[in-house]
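Below: one structure in structure tokens.
The chains carry the letters A, B, C, D, E and F, assigned in the order they are written, with residues numbered from 1 in each.
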Amino acid sequence: MSYISETLGNLLQQTAFLNLSVGNLAMIAVACGFLYLAIAKGYEPLLLVPIAFGMLLVNIYPPIMDEGGLLHYFYLLDEWAILPSLIFMGVGALTDFGPLIANPKSFLLGAAAQFGIYAAYIGAMLLGFDDKAAAAISIIGGADGPTSIFLASKLGQVALMGPIAVAAYSYMALVPIIQPPIMKALTTKEERMIKMDQLRHVSKVERICFPIVVTIVVCSILPSTAPLVGMLMLGNLFRESGVVRQLTETASNALMYIVVILLGTSVGATTSAEAFLNWSTIKIVVLGLVAFSFGTASGVIFGKIMCKLSGGKVNPLIGSAGVSAVPMAARVSQKVGAEADPTNFLLMHAMGPNVAGVIGTAVAAGTFMAIFGVR
Amino acid sequence: MTLSEIFTKAIMNTILGMGVVFSVLIFISFIISLFKYLPGLLEGRKTKKHPAAADDSASIRPADATDRKVSEDTSEGDPVMVAVITAAVHALMREETVTTDAYVVRSIRRI
Amino acid sequence: MTLSEIFTKAIMNTILGMGVVFSVLIFISFIISLFKYLPGLLEGRKTKKHPAAADDSASIRPADATDRKVSEDTSEGDPVMVAVITAAVHALMREETVTTDAYVVRSIRRI
Amino acid sequence: MSYISETLGNLLQQTAFLNLSVGNLAMIAVACGFLYLAIAKGYEPLLLVPIAFGMLLVNIYPPIMDEGGLLHYFYLLDEWAILPSLIFMGVGALTDFGPLIANPKSFLLGAAAQFGIYAAYIGAMLLGFDDKAAAAISIIGGADGPTSIFLASKLGQVALMGPIAVAAYSYMALVPIIQPPIMKALTTKEERMIKMDQLRHVSKVERICFPIVVTIVVCSILPSTAPLVGMLMLGNLFRESGVVRQLTETASNALMYIVVILLGTSVGATTSAEAFLNWSTIKIVVLGLVAFSFGTASGVIFGKIMCKLSGGKVNPLIGSAGVSAVPMAARVSQKVGAEADPTNFLLMHAMGPNVAGVIGTAVAAGTFMAIFGVR
Amino acid sequence: MTLSEIFTKAIMNTILGMGVVFSVLIFISFIISLFKYLPGLLEGRKTKKHPAAADDSASIRPADATDRKVSEDTSEGDPVMVAVITAAVHALMREETVTTDAYVVRSIRRI
Amino acid sequence: MSYISETLGNLLQQTAFLNLSVGNLAMIAVACGFLYLAIAKGYEPLLLVPIAFGMLLVNIYPPIMDEGGLLHYFYLLDEWAILPSLIFMGVGALTDFGPLIANPKSFLLGAAAQFGIYAAYIGAMLLGFDDKAAAAISIIGGADGPTSIFLASKLGQVALMGPIAVAAYSYMALVPIIQPPIMKALTTKEERMIKMDQLRHVSKVERICFPIVVTIVVCSILPSTAPLVGMLMLGNLFRESGVVRQLTETASNALMYIVVILLGTSVGATTSAEAFLNWSTIKIVVLGLVAFSFGTASGVIFGKIMCKLSGGKVNPLIGSAGVSAVPMAARVSQKVGAEADPTNFLLMHAMGPNVAGVIGTAVAAGTFMAIFGVR
């Protein structure tokens, strides 16, 4: 009988009850909170459900992220930039760049909205983060999850990857809440009521050339973005070429969702209590809000400038879509515009800056890598 | 580094970053703005060579993604039959949540 | 070890193992048995806040998996059209081998 | 010409004819036998076809499992517990835990049926297997293939993995033959005719909380089960949350079947003649039968106890479903019940113990890991 | 090596290679040519045991892959309904490019 | 300000403009040319689009193929023979061997067409390639992309893999242009008008036995082909067994197209300017044409022999289908036959040699491996 009691004692020693810190318990609660937001509130569930579950698992059983642990194997694929690149391929296969081709001036709005990144970068520097950490954090303002994970990995900011990813996806889910007040504060009702001309028809040959040209231009200027931009554009080329439907379908469906599961759970598992429950996380949360707000504002303000210069042909509301968060931010532009005038249909016009913002954020990330000499 | 040095560096990198972002995107924007001449260019060429086959690149492509996909998949189908099936599939799939999204019958496939 | 020692150890581990299995499963069973109060709890809360929106968690969910899936996918569709398509799909898929399994039209999807 | 005859001689030296042992030939015949059972008899074809084919390939060309061989790469994913965990995610995405939530007492039957594991464990110890080997073998009685492979890998029983996996999947296919006589022998016709009350309706919120609560409870008590139980419950959460249908679909379809192919062929390839044709395999075959029979019997006997205690409200036939082998064992309960009374519909009631058995086996595996200090 | 040595070696390996290719493929060809006796063999056996169940291996299998797939999937379905759906699906999918390929309704599945 | 100008200088140093050679620019143009052929002309787009894009990316950003680069990770899966084997599994799941079973004499035509391989092999030796390089190049004549990549990897011809793969897939796309003149030159109109007897019905049991028997026979004689032939036949067994439709579907769809994307981009990325722009590539292009032409011719000539021996029952046009390039070459036979007599339907008869050619090429590859002692 002493064998049984002794072994039971050993078992008890191994249970989570005696091994977990208060921090782990707090993180389990946080994970449940994220699950609630994702499932009950519908906030970016495709990524928040796996992320929150990874968070849950790593805080109950930390060795799952140690060498040889299940989620550690998945995590290696993040670190090697494989998963973010493959997600971008799927995004490319799902994205219609037509509105951007029809109205290339949208690129300017996609550029302007990247100011949110730099506002957060300045803030992060002032809050005491070092250069690379500040850059990795600030890219949250780009509202592109895969780019955030890609840059954090390339800049070696593994310790911050959990908070960055969680903040990025959380704020992306909050776009419909964060943006409208800023958009309304910065525009007059007359501006919001501006109806834009219908976009011109975009031919198939233009759609096919677009991904090739963007790849050549962006990757020539900022070569280190090639995995990300290249895969995004390859996915789009699959889509627009029309001759490889099976690849389009696979890239945007089975492959992408497999990758989402592996990436989500493993990124979630970087949020062990020690990595997450500290001042950095709180600063990152604040900086993320700064980034989204400034990005929205600079997009709208640049939209107002374009409105002036074009003699009132551009509705400034489409500027906020430049933060990307495709297609959520474009829908917000549509919604705020329709509030001012129910017959105003801005969605297609906002899609231009929206997808331009994806390229803009990749360029910003590439610039950081170039500045820090990362190849 | 003092706070002011840090701030200076941050501002420098910001100017640099926004500068590169704008430069690159304006450059692409310029190239893409030339795209509108592309179909005409190709059509001109084609017209010279095969006057009858020039409609390819100028084919009308409806903006609505649903129509586009379906029309691609059924370019040769009996339009009435297609309409019936399309309506049926839409009825089967209709959801209120997100109405701007495209509906695609992915699964009917040719191997 | 002698055979009797081995046997003793095996028995010990069996008692231990069955003990843990029963303890853990009884513990979960107890927690799950509290679940039945969950909807009432939530509904109570909701009623206080939004009296009209309480039907969500109490929505009727048919036990039969086939019906459930189809009804989920077609919550807003024209019921007649849905019935026709459902019947057609069932006709197309009917197999005798395993009749208790659920049929799911997986491929009609929204992207 | 001497070059040709010499080279032909070398070619001949490399052919299987001169390299294969009698054992390899026997195993090729065994593989063909399994293919026959899987294809002609329909015994668990999804796993037995790939397993048998892996068996065939490794016994014709043994280097396919050496370092650098195709199936060795796949096998590493078994060894790292990636494939069993991902299969369990798919199983979770396909499993309806509703009947178990509606009737949590089913957990007791799912626990009772695990006695088959321990019966086999005692037997294995007495037959001379060491502790860990005995544990790895005995888990066959849990009738969950992935758990068997997971435990064998975690306990370092690579040499036994082939026979264990083959025995596990073979007996799972034989459930409809093994169980009915035991069930009938242990019950009276009156017991078999008992009709059970209809299960209560289970709300969506209960279904969503279930996987989260089970993960927290089981993984807290037995942390080393986290990859297995966590992934099972993540798959189920995908399913029940209703907000990530693409992930549910991917986890239970493309991803799961990719994993089935990789796992099946590589597990089959562990059955080289040396690893398979020995006394251990025969003992494992016998012990597997012991495990399934005792599991069935203990489930039914515990069902009889519950029947007594509930005043005849529980049909003991649902107890045998506790061995899992989802959903086969539950169908056997249904079928045996319907034989006694054609209007008796036990399927839904048997699904409760059936899915509880999956959790029960994971707990038993976790207990073994805890006893042996595996993390 | 001189060019002539190289040439000799290349010729040798060619003879060897073509020899092995022909030998192996003729050997398989011979074995496969015995396959035609297989159904008769099995049917004979079956007839002895279960005289009524012999149609399995001799079931007519249309050469056209489309028909084959559809007929497999609908072995028990109402033929009229099947015909309607099949026609509809074909209408939906018809493409001119490759007409010899098989059309398969992949997505209607049982889980 | 000096910081900005200095950093801008550094950025400029990193751009492709200052790092790329003229060769890289040429390769970018070549990549665009291949994209044009694939998309506008429809030449094997499923593989040429990813290959050309990999070519584009590696010549803009060469580090993408260095240790740690995205496409290098994918490439490892080629080198380990995982991707070619998995593609072959998908091909097997899509291939109907029925016409070959109905008319096993087709195997002879599938063997005869392999002479193209050896014609190219002799040519390559005479052009100065070493033994293994010549073998890897010559297998282009087999018109099976995965076999080419498999053999090049097994024979350690990494440097030649890019040109070999590109040539192989390009010529496969050109089959409808290369073959007809050769076929017409070697046959009389009377021969081309020969109508062949309808193929006998093939039972399910024959279809199921076929992949098992071929695996056993081929892999016993040439064991090193086991990964390739084994996976091809496993895919076919999935298909014909009829009991594992999910595996058939997954192997021939999601899994295969995922593999196509990874294989295509990484094989394309082996064509960096240094690896591609040299005399070897030009020689390979010439040898590829030699291989296809001789393969077509030898197939047709052997078809004429069979025509004579059978008393005019065999249409020699089906011989050219023996080069494989499934199902393109069979369609060419059909088309040329229908030109001579519009009521002549050769497609099904040509499918026999066509799929036999896949096995024939695998045997030829296995023979090379055996000659060179590769296991």
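One rule holds for everything that comes next: a residue touches a chain if its C-beta (ideal position, glycine included) is under 8 Å from a C-beta of that chain, and two chains touch if they have at least 3 such contacts.
Keep in mind it's a predicted model, so treat the numbers as computed, not measured.
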(message) Tell me which has more C-beta contacts between its two chains, E-F or D-E.
(response) E-F
(message) Sharing more than half its contact pairs with C-D, counted by residue number, which one of D-E, E-F or B-F qualifies?
(response) E-F
(message) Can you tell me which chain lies farthest from subunit A, using the average of the Cα atoms as each chain's centre?
(response) E
(message) Report the chain whose CA-based centre is farthest from the CA-based centre of subunit C.
(response) F
(request) Determine the centre-to-centre distance between subunit A and subunit B, using the mean Cα coordinates as centres, and give it in whole Å. (result) 21
(request) Could you tell me the distance, in whole angstrom, between the mean C-alpha positions of subunit A and subunit D? (result) 40
(request) Between subunit A and subunit C, tell me the centre distance in angstrom, where each centre is the average of that chain's C-alpha atoms. (result) 33
(message) Could you pull out the residues of subunit F that touch at least 2 other chains?
(response) 7, 11, 221-222, 242, 249, 253-254, 367, 371
(request) Would you give the residues of subunit E that are in contact with at least 2 other chains, written as numbers and ranges? (result) 9, 13, 16, 20, 105-108, 111
(request) Within their complex, state which residues of subunit A touch subunit B. (result) 96, 98, 100-101, 104-108, 110-112, 114-115, 117-118, 121-122, 125-126, 131, 134, 199-206, 209-210, 213-214, 217-218, 221-222, 242, 249, 253, 327, 331, 334, 347-348, 356, 359-360, 363-364, 367-368, 371
(message) Using the touch definition from the top, list the residues of subunit C that touch subunit A in their complex.
(response) 9, 12-13, 15-16, 20, 111
(request) Over in the complex, which subunit A residues touch subunit F? Could you list them? (result) 80-82, 85, 89, 208, 212, 215-216, 219-224, 226-227, 230-231, 234, 237-238, 241-244, 246-247, 249-251, 253-255, 367, 370-371, 373, 375
(message) Help me check something: in the complex, which residues belonging to subunit F touch subunit B?
(response) 3-4, 7-8, 11, 94, 252
(request) Enumerate the contact residues on subunit F facing subunit A in the complex. (result) 7, 10-11, 14-17, 19-20, 28, 32, 35, 38-39, 42, 45-46, 49-50, 53, 56-57, 60-61, 63-64, 68-70, 73, 253-254, 257-258, 260-261, 265
